[in-house]
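In the two complexes that follow, subunit A is the common piece, with subunit B as its partner first and subunit C second.
The block that comes next holds the complex of A and B.
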């Protein structure tokens, strides 16, 4: 009886605690990015000067552009490739299908630092892919495709495939059926995988750092170098805010699009 | 009119379809006449749906030929076949409106826009779906979804409509209504139906011809009352609800009648069946609603009269399921007493009765 009475108070407390630990660091960071303190570690009045600072800082701007460019290419290529791969792995029966389906998830389980080292050796010593953009984008795509496959396969398991048959029965050839029926049915999953891949690619440090070579600096790499050489704390806060808000906006946008799709 | 009836719409010739480990359709030949409702009836896994999918082109043949309108269409892909399917799950496109669903096939056929509008409108009217055109399938009731699925196929004016248990997902009352509705639409449009079902009641009421399938093979083809009243095999008798099935052999025949002795020794009289050779007969069936219960005083003079004791009476609403054990042999017999009969005779469990059925009510069976 006692515990029954206590539950309504305990549960909200636990939830509050959990979300505090989840969100508080991010909120602190965002708040401090507007602080006038020159080390960016406590509140000394509101300012936008750090934002002005990074806006005027060519290094930051280039890094941001690079990151956005890489993430965009990765999202487009990886979602398309992942969707097609998932479709093939789900619909076509061939030898080794099970193996391919399981092994596509393998890279996710390997520590990034190991993967990164392996990629560097592979690129430079085995197939000679130039480091920098080509190397980064290929690496990002190959590690994002499994995410897309995973998400799209999950959706495919819940689709009524007689819909495809109904379409062919009503006169739609295979291509039309794919365009008019299959693709719209998979769209929520495709968008969801894009929403996962974009922040992953935008945030990735380890793999990118190894295959970036000289001269290509993404935002995470820029932040790392700033931290390493200990220049300006507040600038890190503002960049951190970008890291938090940009993927968050993507997620919200995707969520909104998905809702629109369902109704 | 008589001439029109003999036009063939769909024909299967020795069709075989194998799946790993099972022959789903095993040398099936059948002819569906134009404008008729032809039902494929059988338990799940008997190959009826596969047969339908072979006509639709959704499965590829292993042997034999499928013909529509006299032309072999074995290698024609489903999107070029002049038939249309109503699926068991209905398979309405969830991301399209009612209108979009019905227009889908016409759009694929590159029908001009204004004509699509006209034909869709006409279908909405025929199916009593006015005002629903902008709704999504999820916003419709079960019966409405059913009608959209029908409309989507019928709007294409196919040579034949293939229906795969389209009523299975509906509740009993709605199923009954839609059954009547289907029949009305079929007559109004004059289209041919190939109807797959495991529900013998639906098959009996909707069909012109029924083909019973068992383990990939056709077991009997006939008009509904043939299938119901004179099933050829024990399997069909059982499937059609003739609960009283006895194994036995014919011991005498003549005068259009045969006498059969059951394994426990009861002697039953049945009409001769010219299509069945006496030596091959292995049993007999009697539908429970054809079994009469009389007071013992009625006497044992005449065909198929036995003394027995009522074991159990189960109230079923529209009839009373009465189980009797025959005195001489201990064989169980089930009779469905109508409420009127029950009220008049007032039998009760444990009572001695006279069990009787007429000569025509018994039907000899093959294995």
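The block that comes next holds the complex of A and C.
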């Protein structure tokens, strides 16, 4: 019987260890980004000089601009395509519907390295798309559409479709119904998927690295190139802090949108 | 006159047919673009690696377009087979550890989370929204021989020389677990959350001990979550290349590293394609097994 008594203590200990394991590296990285140590591995007094350094660094700034540009285009195209696909999948019964549903999931179930290699060969040997922005954006869209489709599908299962019927009954044509009824009903899900896709595209390293070619540097690629010199720990710490705080900004944004939805 | 009438009827007929066809194809404007996109940018590239995996390169690195099984025969060679075996071992090990840690964590959040539930779930999700290159760098900083863990242990006098965690198989396992564990916790959490509490009460009423209740009711009913988590952890672990690259070193290379070496460093596209194809075959096998064991639910729970 005694063994049962210790179980309630074992579980909280495990939980504490788990969250420490999950968050300690990130927290240490943030703290070290303010450290004066030139290797960025231990605490040597507070400084903001690494932030000043990346702020004035043209390489970082260009990489950030590229990443933001790619993520923005991806978000716009993927949410539109994903919403349309979700609508089609939800509203219509057609041949190959189940197959399409599974196929949409395919890009996110195949290992990144395989997709990355496949796209590199496809671009360079078959369709001759220039590496760089076009190739990266195409790849990111393929990956982001599943997120949009399934987030929007989830919302579709919960909304009141009689509103759409009412609109048609009252003589609204298809476009008006979409604009006045369907879109506003789906908007929270569309924005939520955008909030998921943006960081996904912004963070992607493996696929971007393969199809970027020589001229295009996104922020993760910049970090990787810095990593290989091995002397730029503080710079990576500061950029890393930006990456770690990004999800919190996304979360606040989603929270804000949700509140707005209620009022 | 007669001809006009016939022609009129024919057009009417045609228009009717066209209309019928259009209503039947009403889904096309919605799913057409995405279908086309998937065919061109998902299926075609996968077909292309299959095709190129059957080719070989000439002495100047040019691709020779004659079919050969050379690349696949090379895969059976000792060196490659060892890397593949290691890949499966690492991925499977990481998956099992994630399951053994992840299940109790999900269980704790559902049963004892209370008003902290949402926060606890978000603390699991949020790391996966950070660039994982950065997360791995952070883990590396922490476990480095001059990093925080070693300095702390040294100053506490628990060890006399720094532990060499980095560049060992353990470091790769640690990296895999650290990267992918959120994706094990979340589907199991969802499955446990959806569990009907009256079933658990029934088990208690019928006199089941907590342990028996867990193994006969809770565990079988959350099978879908477990296999969804397995798909989400096992598969990306199989394709991992950054974790072994950053934490493992050349001795602990995984199949993904071979792909990147052949594609980027060696420029031997056919060889890279054969390894990528073999990896994909492995992935399909695992998805198939997970779906067979975990049912449709395993795939549904992923999204």
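Just a few scattered comments:
The rule is simple: the second predicted complex is superposed on the first by the 242 of 263 C-alpha atoms of A that agree within 3 Å, B and C clash if a C-alpha of one lies under 4 Å from a C-alpha of the other, contacts with A are read in each partner's own complex, and residues count from 1 in each chain.
Here is the rule we use: a contact is a pair of C-beta atoms (placed from the backbone, for glycine too) under 8 Å apart; a residue touches a chain by one contact, two chains touch by 3 or more.
The structure displayed is predicted, hence computed values, not measured ones.
Bringing the complexes onto one copy of subunit A puts subunit B beside subunit C with no clash. By the document's definition of touching, of the two partners only subunit C reaches A:142; subunit B does not. Once the two complexes are overlaid on the shared chain, A:167 sits against subunit B while remaining clear of subunit C. In the superposed model, A:176 makes contact with subunit B only, not with subunit C.
In the superposed model, A:14 lies in contact with subunit C only, and not with subunit B. Look at A:223: by the touch rule set out above, it reaches subunit C but stays clear of subunit B.
Contacts of A:117 after superposition on the shared chain: subunit C is touched, whereas subunit B is not.
Using C-alpha centres, the superposed arrangement gives subunit A a vertex angle toward subunit B and subunit C of 90 degrees, stated as a multiple of 10.
Put subunit B and subunit C next to each other and count what each touches on subunit A; the higher total goes to C. Between subunit B and subunit C, the shortest distance over C-alpha atoms in the superposed arrangement works out to 11 Å.
Interface residues of subunit A facing subunit B in the complex, by the touch rule stated above, are 160, 162-163, 165-173, 176, 180-181, 184-185, 261. Subunit C makes touch with subunit A in their complex at residues 26-31, 33-35, 37-38, 41-46, 48-49, 52, 63, 101, 104-105, 107-108, 112, 122-124, 126-127, 129-135, 137-139, 141-142, 144, 146-148, 151, 178, 181-182, 210, 231, 235-236, 238-242, 246, 256, 259-260, 263-264, 269, 272-273, 276, 279-280, 283, 287, 299, 302-303. Residue ranges of subunit A in contact with subunit C, taken from their complex: 4, 11-12, 14-15, 18-19, 21-26, 28-29, 32, 40-42, 81-82, 84-85, 87-89, 91-92, 94, 100, 102-107, 109-115, 117-122, 125-126, 138-139, 141-142, 145-146, 149-150, 154, 199, 202-203, 205-206, 210, 219-220, 223-224, 227, 233, 236-237, 239-240, 243-244, 246-248, 250-251.
Subunit B meets subunit A in the complex at residues 56-58, 77-80, 84-85, 87-89, 91-95, 104-105, 108-109, 152-153, 156.
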